[in-house]
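Some structures are shown below for you to check.
Consider the two complexes below, in which subunit A is the common component and subunit B and subunit C are the respective partners.
For the complex of A and B:
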């Protein structure tokens, strides 16, 4: 277990180097880094000063190593717009973003388990099929369009919810709803499929033939078998929802990491862009390692596979 | 590192390899057409493509003409003036005509990018599976890194450095999407190359390129085609979402996504300018998802319908 954890945590270092390299290449490909780093209206002297201060007059390989080392100490420099350390700004925006993403993750898990179990128990009945067709249709609805529709109905027409901002709890209702529906479609289809698979497994059939109550078979025998892939998918769903947040936050004027990143792009606030992309990548990797570790802990099948 | 490995079973055609032949593909298409989802999706896609091709003939108004006297007109069946079937936007342009023409660019973006991604993904997946040790190990680590970085973040950062450009965006999207294909086919390639007929080809002196193209590719095409089908819709969604941030199609060009972006700013004045293009995107995405589902069943008849087994493929 420890060796597994160590190997997975090594992946973070790998991801961090990879993302830093990607950003490094992006900046160097897009032209003179000193001009990018300077405010838009900077004079030649200022650009030169920036070039020297950031070591951009040094050989490329030295710059590269320095960038990687600085990124590992979470040092991305100061924001041009606000004069604050970029890392600090990112960390301040992280909590509001997690507050938008995590509850829908839980809601969609609970909802998907209910829908999936219901549909798996009635695989050939009309109600079970109708539910699956419904999730299929919802899978095609763009989440940003759904957000617009909800704003239109509840904020503009009925005026019961605010359209934008994150002043209070009510502003979270629309983003939470959108992300929950976004996660629900895939997760409930996965739940149904995994459950149907688990029904065919030997230990479930044995439990059934022993005359154990069907509800007990479902809860104690079939569901635990079906759960690990669902939990693993939650990690992927987390990164999908965070990507959606990059679009939703600016759309709804919500002050989180996504809005910070998009705002920094229009300000050409390079250190903040770098810091947010870097932190996002590390966060997503961490969450996925966490989910994989949970899966490995609860699923004895995976552990024995490793032992072999 | 996730789902694909932990979800058991079902990454496309895993039954005994079938020889490539015209009859095989005819059989697959026959099965797609025989299933209700397949029929619905093919009819939907054919209709969408037809509309996009004939858009110039079908429009009721000039899609780029700004009529100042007719801004924010509701749809004509709701009493709007100027005969705008789906209303007009804040610049007085006809929403219906713009949807028809915008659909063309959206579909084009989806088709081109999906095809480019599939070719890149197939090539890298073949290499990773054939040269498992070095190329495979390296490529799969790169895939792990890419997995941690949402494409939206890359697209946004790219626009910051290089300026918004839809062609550049499509190119990067095409290079970004290879991991889905590679992850899906890499183990299949590994299994196929150990089969007798491949060994036979190698011992008779076939070059690696010939082995990969003639003998292995036909056996991994199933998952690739399935992924291609669903990725058309996904890519149209990605372009639309980045359009909302002003990073997609730039004016005077417009896609369904960039129409949505324009309309979003004036949701209060003309909801129809946002609702109908969004419906268009939804239809396109559902059509290609349905096709992907029907293809999956056609390639792998043993599997149940509705693709609940592997969400990575949907």
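For the complex of A and C:
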């Protein structure tokens, strides 16, 4: 298990190099940063001075190697806009964003397991089908539209929840609701489908033939074989939710990583863009490794080394 | 039905229907047969003949929408109306199933020991974990698993197919059931292990007195160990009787064709297939279900009853072929030359 973890964690190095390279190329393709950094009426000399100060005058290959090496020490330079270390800015915004994403991830897992199990036990009943139609509806509703709708109803019309801000817990109710519904849709359908497959498997028939209580058959026999794809999807759902923050946070004026990233893209604040995307890529890879590790722990077939 | 025989299992006019998009599928049609205590009975027939359904019906493991009519008596108790706790207790203690494919029958994520312990404790709730584990170890060595205590900690994917089927049988035995139902127990295994598994079943029958029903499509495999043979076709029983007699002198053209179709029956010749296909379970059958494929079809076959009746010259045998039962004339061998 430890060797497996070490091997998987080692692969993060390659993810990091890949992301750094991609970012370096994309950022350079998007235009001249020195011109942007300078005031609109700045003279050529001023623009040139800015270029030199930020190392933008050096050959691309030097800039590239310097960037990669610096990235590995989590040094992304100072924010063009704020003059603060980019890494520090990102880390300060990471916690609030995780606070928006992680609870809905848990809610949607618990909710999806409940809905999926309920619907799988009644595949042809009206209630089971109605739930599935509802999840399609959840899937079809864009999360940002839902967020705006909830802000309109609960913040503006009824004035029971704040529309914006990091102020307190109440500001999180709308984003949590939106992201939970967003995650619930796919996860509950996946749970139902996996469980229905599981029910047709031989080992579930065996369990029934042993005279075991149906609840035990469901929880200890059918659910475990249904679980690995659900857990794997949870890792993907984490990244989907984080990307939803790029729209939700600016929309609700929430001070998280999503808002920071969007803001720095429009400002061409390269160090902050690079620091945030780099951290996100590593974070998402870590979460997926975590999910894979959990799956390996529950499924002995994946643990066994290839037979001697 | 003879009151003084001691039957562990008796099916009385059992029909199984399943509502499908194409209409009502009749999977079993008025099936009756009985298994005397301590005997091995083979249910033979091609796929779709209803032999597996008959076994599943005995454990009430049919698909949720399946409708069962008739009586299924296990140890004298009709199990068709059983529900909930009483049904689970019946499954746990009285009749156990050995499925076709041992790789699918065992839970891939549970240890072998865990699955055996669960099985033993389902049958006897007073059994402690420790006692159940000891019982599991003893049973594994009883079915010929080397190093049973190491195996208890293994997972199914770490064990070979022949051993896995022994483990599946052991999982049934820890419950000390009076009836063991085996659904094609050797079909998924290679030829050498097939014989070993059948030997094991015979041994368990002899030493423990456990009654066994084996569903199979391979008559040659089963005839060595089965006392009685029940031949099924299109969800109905074609004929029934002591194995050697049925094999030597079939009293139903279908049995005869089935025996002729077995590889090795006519060395050097092309394999003899039975022309045509079995009827779909969706069709309404009047008369003998085998008539459309039968070489000896007559007018009377169209109105023949579905249920086999005793053959006059061999009272312990039953056949559903009207030509045999009405005339009680010769066996198939004589009539078909």
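Everything below uses one rule, namely that the second predicted complex is superposed on the first by the 271 of 308 C-alpha atoms of A that agree within 3 Å, B and C clash if a C-alpha of one lies under 4 Å from a C-alpha of the other, contacts with A are read in each partner's own complex, and residues count from 1 in each chain.
In this text, a residue touches a chain if its C-beta (ideal position, glycine included) is under 8 Å from a C-beta of that chain, and two chains touch if they have at least 3 such contacts.
As the structure is a computational prediction, the values presented were derived from the model and not from experiment.
The superposed arrangement places subunit B and subunit C next to each other on subunit A without a clash.
Once the two complexes are overlaid on the shared chain, A:298 sits against subunit C while remaining clear of subunit B.
In the superposition on chain A, contact is made by A:213 with subunit C only, not with subunit B. In the superposed pair of complexes, A:95 makes contact with neither subunit B nor subunit C. With both structures placed on the common chain, the touch criterion links A:106 to neither subunit B nor subunit C.
In the superposition on chain A, contact of A:5 is made with neither subunit B nor subunit C.
Considering which of subunit B and subunit C touches more of subunit A, the answer is B. Of the two partner chains, subunit B is the only one that A:144 touches; subunit C does not reach it. In the superposition on chain A, A:205 makes contact with subunit C only, while subunit B stays out of contact range. Contacts of A:25 after superposition: neither subunit B nor subunit C is touched. In the superposition on chain A, contact is made by A:224 with subunit C only, not with subunit B.
Of all Cα pairs spanning subunit B and subunit C in the superposition, the closest are 14 Å apart.
No residue of subunit A is contacted both by subunit B in one complex and by subunit C in the other. The residues of subunit B lying in touch with subunit A in their complex are 1-3, 6-9, 141-142, 144-145, 147-154, 156-162, 233, 237, 240-242, 244-245, 260, 264, 267-268, 271, 274-275, 278, 281-283, 285-286, 289-290, 293, 304, 306-309, 311, 314. Chain contact summary for the complex, subunit A toward subunit B: residues 11, 14-15, 18-19, 22-23, 26-27, 29-31, 36, 132, 136-137, 139-142, 144-145, 148-149, 151-152, 156, 186-187, 189-194, 196-197, 228-229, 232-233, 235-236, 239, 242-244, 246-247, 250-251, 261-262, 264-265, 268, 270, 273, 276-277, 280-282, 284-285, 288, 291-292, 295, 302.
Remark: subunit A residues 201-203, 205-213, 220-221, 224-225, 298-301, 304, 307 touch subunit C in the complex.
Across the interface of their complex, subunit A is touched by residues 59, 61, 87-93, 96-97, 99, 101, 104-111, 118-119, 122-123, 155, 157-158, 168, 171, 175 of subunit C.
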